[in-house]
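Chains: A, B, C, D, E, F, G and H, in written order; residue numbering restarts at 1 for each.
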Amino acid sequence: ERTGDAEVVYGAGKTPSQVVELLQTLHATHPGSAVLATRLTVEAQEAVTAALPDAVVDPVGRTAVLGEPGVLRGTVAVVAAGTSDAPVAAEAATTARVFGAEVDVITDVGVAGLHRVLGVRERLDAADCLIVVAGMEGALPSVVGGLVGVPLVAVPTSVGYGASFGGLAALLGMLNSCAPGVSVVNIDNGFGAGVFAARVARRSAPRERKDA
Amino acid sequence: ERTGDAEVVYGAGKTPSQVVELLQTLHATHPGSAVLATRLTVEAQEAVTAALPDAVVDPVGRTAVLGEPGVLRGTVAVVAAGTSDAPVAAEAATTARVFGAEVDVITDVGVAGLHRVLGVRERLDAADCLIVVAGMEGALPSVVGGLVGVPLVAVPTSVGYGASFGGLAALLGMLNSCAPGVSVVNIDNGFGAGVFAARVARRSAPRERKDA
Amino acid sequence: ERTGDAEVVYGAGKTPSQVVELLQTLHATHPGSAVLATRLTVEAQEAVTAALPDAVVDPVGRTAVLGEPGVLRGTVAVVAAGTSDAPVAAEAATTARVFGAEVDVITDVGVAGLHRVLGVRERLDAADCLIVVAGMEGALPSVVGGLVGVPLVAVPTSVGYGASFGGLAALLGMLNSCAPGVSVVNIDNGFGAGVFAARVARRSAPRERKDA
Amino acid sequence: ERTGDAEVVYGAGKTPSQVVELLQTLHATHPGSAVLATRLTVEAQEAVTAALPDAVVDPVGRTAVLGEPGVLRGTVAVVAAGTSDAPVAAEAATTARVFGAEVDVITDVGVAGLHRVLGVRERLDAADCLIVVAGMEGALPSVVGGLVGVPLVAVPTSVGYGASFGGLAALLGMLNSCAPGVSVVNIDNGFGAGVFAARVARRSAPRERKDA
Amino acid sequence: ERTGDAEVVYGAGKTPSQVVELLQTLHATHPGSAVLATRLTVEAQEAVTAALPDAVVDPVGRTAVLGEPGVLRGTVAVVAAGTSDAPVAAEAATTARVFGAEVDVITDVGVAGLHRVLGVRERLDAADCLIVVAGMEGALPSVVGGLVGVPLVAVPTSVGYGASFGGLAALLGMLNSCAPGVSVVNIDNGFGAGVFAARVARRSAPRERKDA
Amino acid sequence: ERTGDAEVVYGAGKTPSQVVELLQTLHATHPGSAVLATRLTVEAQEAVTAALPDAVVDPVGRTAVLGEPGVLRGTVAVVAAGTSDAPVAAEAATTARVFGAEVDVITDVGVAGLHRVLGVRERLDAADCLIVVAGMEGALPSVVGGLVGVPLVAVPTSVGYGASFGGLAALLGMLNSCAPGVSVVNIDNGFGAGVFAARVARRSAPRERKDA
Amino acid sequence: ERTGDAEVVYGAGKTPSQVVELLQTLHATHPGSAVLATRLTVEAQEAVTAALPDAVVDPVGRTAVLGEPGVLRGTVAVVAAGTSDAPVAAEAATTARVFGAEVDVITDVGVAGLHRVLGVRERLDAADCLIVVAGMEGALPSVVGGLVGVPLVAVPTSVGYGASFGGLAALLGMLNSCAPGVSVVNIDNGFGAGVFAARVARRSAPRERKDA
Amino acid sequence: ERTGDAEVVYGAGKTPSQVVELLQTLHATHPGSAVLATRLTVEAQEAVTAALPDAVVDPVGRTAVLGEPGVLRGTVAVVAAGTSDAPVAAEAATTARVFGAEVDVITDVGVAGLHRVLGVRERLDAADCLIVVAGMEGALPSVVGGLVGVPLVAVPTSVGYGASFGGLAALLGMLNSCAPGVSVVNIDNGFGAGVFAARVARRSAPRERKDA
């Protein structure tokens, strides 16, 4: 058994009514947890809003959530540099929460502005798992990973042009990070990073509470 | 402070005497923990054996360890298919232990022999973090990740020929894994996987012991 | 002579009326066998339906078939994981049947759900040739090829994003399969796999019937 | 059960004595069939010759065979252009025979000499499965596949320089073959092609003999 | 001086009226030769037809020609397999003629149908320079180059899908051709091949006529 | 018949005695023309020198020539920038001469020294076909091709490091040349360029002599 | 402090009203300098023109500038071959000026027309930093860099087709330039080149004026 | 004339005696400046030391310098993370000095140790041009470029393994740097960066001295 894992609808290539139907069905069979839909087109988002008033739709992360996750355990910090990477960061944050972790979103933290990174160091240290989202050269995970010893999942994004080759530059940068303890997921895969980080955070949580 | 992280000598490009000297110096300044040297040439391994009789040298993983890690917390399972991937698996296992986690090494577990995978399922489930090492098509993490909900770090190896392109095929396979909760490190980077997994395992450990 | 091979219209880059006309002409000159059209746009499918009421149009596989194949010999099993790979699997299945083989379609069989794979093992074993369709990391052929000794043609699909690089990850994975007896066709080339597998199956068929 | 498949030792990365020992052990446990070792270094070939006088060592294909395959069924034709591709062709031929098929080796058949190709057409047609080995531009499978309707496995080789990129040019050429019914294995993977083709040929055999 | 070379308008990225204006201006300043426009959009073709009734517009090759080339010398044969490659073959043929050579267009000549290739051998031999256009695996130049000793310029096209990678497979195949005397131009560059071949043919021509 | 084409031994992968024997045999069967051997190791060059005193061995181009080409017709100019590209230029020059053309070798002509290029313009113009050899960025063919209207075959070399990727940068540069009338052969393929250019030059020659 | 650097709005992915608002805000807080917006869609350009009548909008370079840069120091020469590369050259020129340098734009200077390059040599020599923009084979920086000793920033553009691979050919060519003193920015990154060159030029300026 | 530029011998592919002879000749013809030799093998370094006692040989950067550069003007700061990148950093530093600039070498400055970067900020600010050398993910230029407004030339190195692909990861990272004002040279090209930076620094120098 994998307590905390949620049911998910992968919206890419599905029609709006297929998404609505799958959300309804999964919610009916898993009433005690949240159901997540990702990669929703604008049309699918509108169909969910219209058909399922209880669903929470996020147009930035292109997700919909129906139902509530159970007790949240542990904390995932999602770190991103700017607005371009926001959709991937939002997908990661929503996923981590639906998969059972508290989420701390830290934005506007870029490589070219070290003081902002240094300023959030305590929040980074307090997390049980970090998700660091970056496009272009993908250097942010190295900088963050050099500061704190928390497990860090890096998410390259397809943000960039020319020699970014659709996120390849960021992906290769992250795989070659000189900071140890950095692992990487697919380009734009906020969902995968969210699942991974929530699993780590949920396991880590009792540590904080063991004296309670 | 990052309790549990060890000092490390990256042996690639260093002379045998540089390796010996660095191990000695780091051991002197960190007497209460283990010091790790990786990527050692045969010459460097011999120099360490000769000069530092207390060091444990592993010719398979090409590592040397001087000193003892502190109390081990949590368990990392290292899974690999065969003898070709053994050096990377050994580097991962030694690193995870030096970085403070118990290690369970599970070998001869390949995609083309599902019964062996199914047979070790309980050991997989019992771990706090999995390291799955695979070359060629790199499919093992998907199979293992489909069985258990434990955080999983995949390590592609450069084992293969032709269209494996030095590990690229395995790397891409792992990044595209259909099993969620899989993250990836650089080709042949057993060290990075070991650091990452030990950090996850150390955090997870108190859970098992909280009633004690 | 290549008994069993069918005439084919490759629909990509052809106008609807060109497709209709070619189907008609080929059917007239080959009345005793089926004629196949592949890669049909929605417009071409509609034109075929309107002009040739006897044609069987498959909107999933984007094919049209006019006429009946002769006696089917041998069995091709087409295995695929999910709905995203369905168009390629359907193209393969239709092609194999038009080229003279019985077809057994086995869906919802994915790497991350081994029990379903194990559950269809007898159907896999009973086939004369397997076509295994998979996108993303393309690991399914290795798993299936590890279970049975039937000749296996793997078809990578362009399903995926980011580091799937349009099917490259699946292609490389399949070429590096650790299961022997796996051969590979071009990305999304259900047609080529169908031709190949039908040729194998037609040759194999007498084995099953030799005591009859 | 997979009647006809043989036990195999993959010699790459194994010491000569490991190869000898594995051959002996597998031969002892499978006395009724042949055991194959591939990718043998010159040293391993010499060790096998010295220790196992009954073994047949092929320095061109870098293989050793101990024991005899059972009754051979069906015919695999192995087609190659020249001496550069000979090692891969030899590995394919030996493998196909050890895996239970008759083998017809057809050499000196190149794209730039069509008359030789046309001259062997009957032998091509008589085979149950073709293995076509080619380096550089890898065009031979298209030419052969345009002549006959026999299932064809293409093996790209790493023969070439510059923009052959270690066999990539031949691999891509074969994957894009305009002749249908062509499938492809990894660069230099004569072994995989041999297993595949032998499985096809063994199944096809009864056809030839059904009136007997 | 380069007698025979024509003025050219590269239509990509130009508006219809820019194309018309450039054709008019160049024609006015070079009244004794033909002016060529390539890569014309449908809109640009229509604008040329409307504004310049003397221009010859080719919708297949997407070219327009205004004025007449001078005396044609030598012969360029343009060889292509099928309708998909027709636009590139047409661009090559028109360019070669505008640059001063007679052109012999030979179509429906593919690798998978050797008899048709053999059937046009005399026309191939009679040319002063060959242009061979092919997509997918790009094998046709090797086959043609193996038959005749005429200088041969190969043009890879972007026709194909999946592992054709936009013409890369054909390009690499042609660069690695086992037939000597094959040179290659950029993917889809019928224009460049036409200029090159016309220059060769114009120089070769006097040979044929020297006894006159 | 292809008057002027010579017999060739491709030395790569052949033993010194194989090379000697092949040269002898081909020379015996083609006494009236020259026989060429390319890609000779130092050992093969020494064996040829020792066994065949009449052979002309070129250690720079790694070639050996036995016998004399017939009457030379037309002129090939071989242009190269410096000493690094000299082996490829020498292979091209020797090949062009053995295949029946006069050769004019023009060295020390680089992109970064335009005055030297401008200074040899008349020799460039006087040639019937140009071979331009360049490594690194491969820009020389564009510069030369912008000056003269002679057919130009560009040969990229593997000279360079880092992002030259074994000649890929030069190859791509030449394929994208903004000068029309440039065609390209494989990386380091001086032989192929020599065959091509000699064929062009031999055809062009009578022009110069037609008044004679 | 970085005197001379300007505030910038990166327009890609921003709505027209976001662009307008950011320009206004930054202009209000930095009244003494110019504010630059790049990568503007046609819609954003129209919105800026309508809302900010003082802004200078350049539809070629897709930029808008609000306010005036301070005293210009030093000169940046922007060199480009033709109209296709004009957008990138315009972005570079506008950026360099907004970042505080005089700009000399030199167009119609291509590799295939050396006399035009030689004709502008004095303007090249007079600059403090050169920006050389080129697509296709990207050879222009080598030619210019071979003429003058001024620091040179090369900008590859995505202009081209086929084997230009979206600017990769030009990028690799520039990185491998045989002219020393050439550095390179990302494909189509006129902005980055403009910032870099302006910084160089501003520093260089006092040299020219030191006797004043 | 390019005052300050030096004569250079590129040692790759040259014999020790060729290097010695070229250094001597160039020194004789340019007595008032320094002559530089790069990429020297150990043998060439020894030959230079033996034959030219006045030469300064650097075994780390593999360079030799004969003679003294004239008056140094401006300052180039060379920044590198560690010992692996030291050879490239040393080649850059020696080149910049030989080409006429003062050089400030700043080592042990890595992305994963931000405090060291922040600690050298004044030295970075004081330079006229920065050379930042980094392998693996190549993130250091982004971090440094985010701190100071000095022109910055980034040098990717081939240090790394696996997905560093010989320096490609670092190269792509630097080309996609989110810090503006970063330009890039070829992998391991310390020489090119040194020439470029010295040219910038020499031009900038009078600024510092204009009140003198």
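The working rule: contacts are C-beta pairs under 8 Å (C-beta built on N, C-alpha and C of every residue); 3 or more make two chains touch, one makes a residue touch a chain.
Computed from a predicted structure; not experimentally measured.
Chains that count as touching both chain D and chain G, per the definition above, are E, F.
Comparing chain pairs B-H and A-H, the larger number of C-beta contacts belongs to A-H. Of the pairs listed in A-H, E-G or C-E, the one whose interface repeats that of B-C, with over half of its contact pairs matching by residue number, is A-H.
Distance from the chain F centre to the chain G centre is 41 Å, each centre being the mean of its Cα atoms. Remark: chain C and chain F have CA centroids separated by 48 Å (rounded to whole angstrom). Note on chain placement: the centre of chain D and the centre of chain H lie 53 Å apart, centres being C-alpha means. For chain B, residues touching at least two other chains, in rising order: 162-164, 168, 171, 175-176, 186-187.
Which chains touch which is summed up as A-B, A-C, A-G, A-H, B-C, B-D, B-H, C-D, C-E, D-E, D-F, E-F, E-G, F-G, F-H, G-H. Within the complex, the chain C residues that touch chain E are 12-13, 156, 158, 166-168, 171, 186-189.
Residue ranges of chain H in contact with chain G, taken from their complex: 2, 5, 8, 128-129, 148-153, 171, 175-176, 180-186, 191-193, 195-196, 199-200, 203-207, 210. Across the interface of their complex, chain G is touched by residues 83-84, 161-164 of chain A. The part of chain C that touches chain B in the complex is made up of residues 81, 110-114, 117-118, 136-139, 142-143, 145-147, 160, 162-165, 168-170, 172-179.
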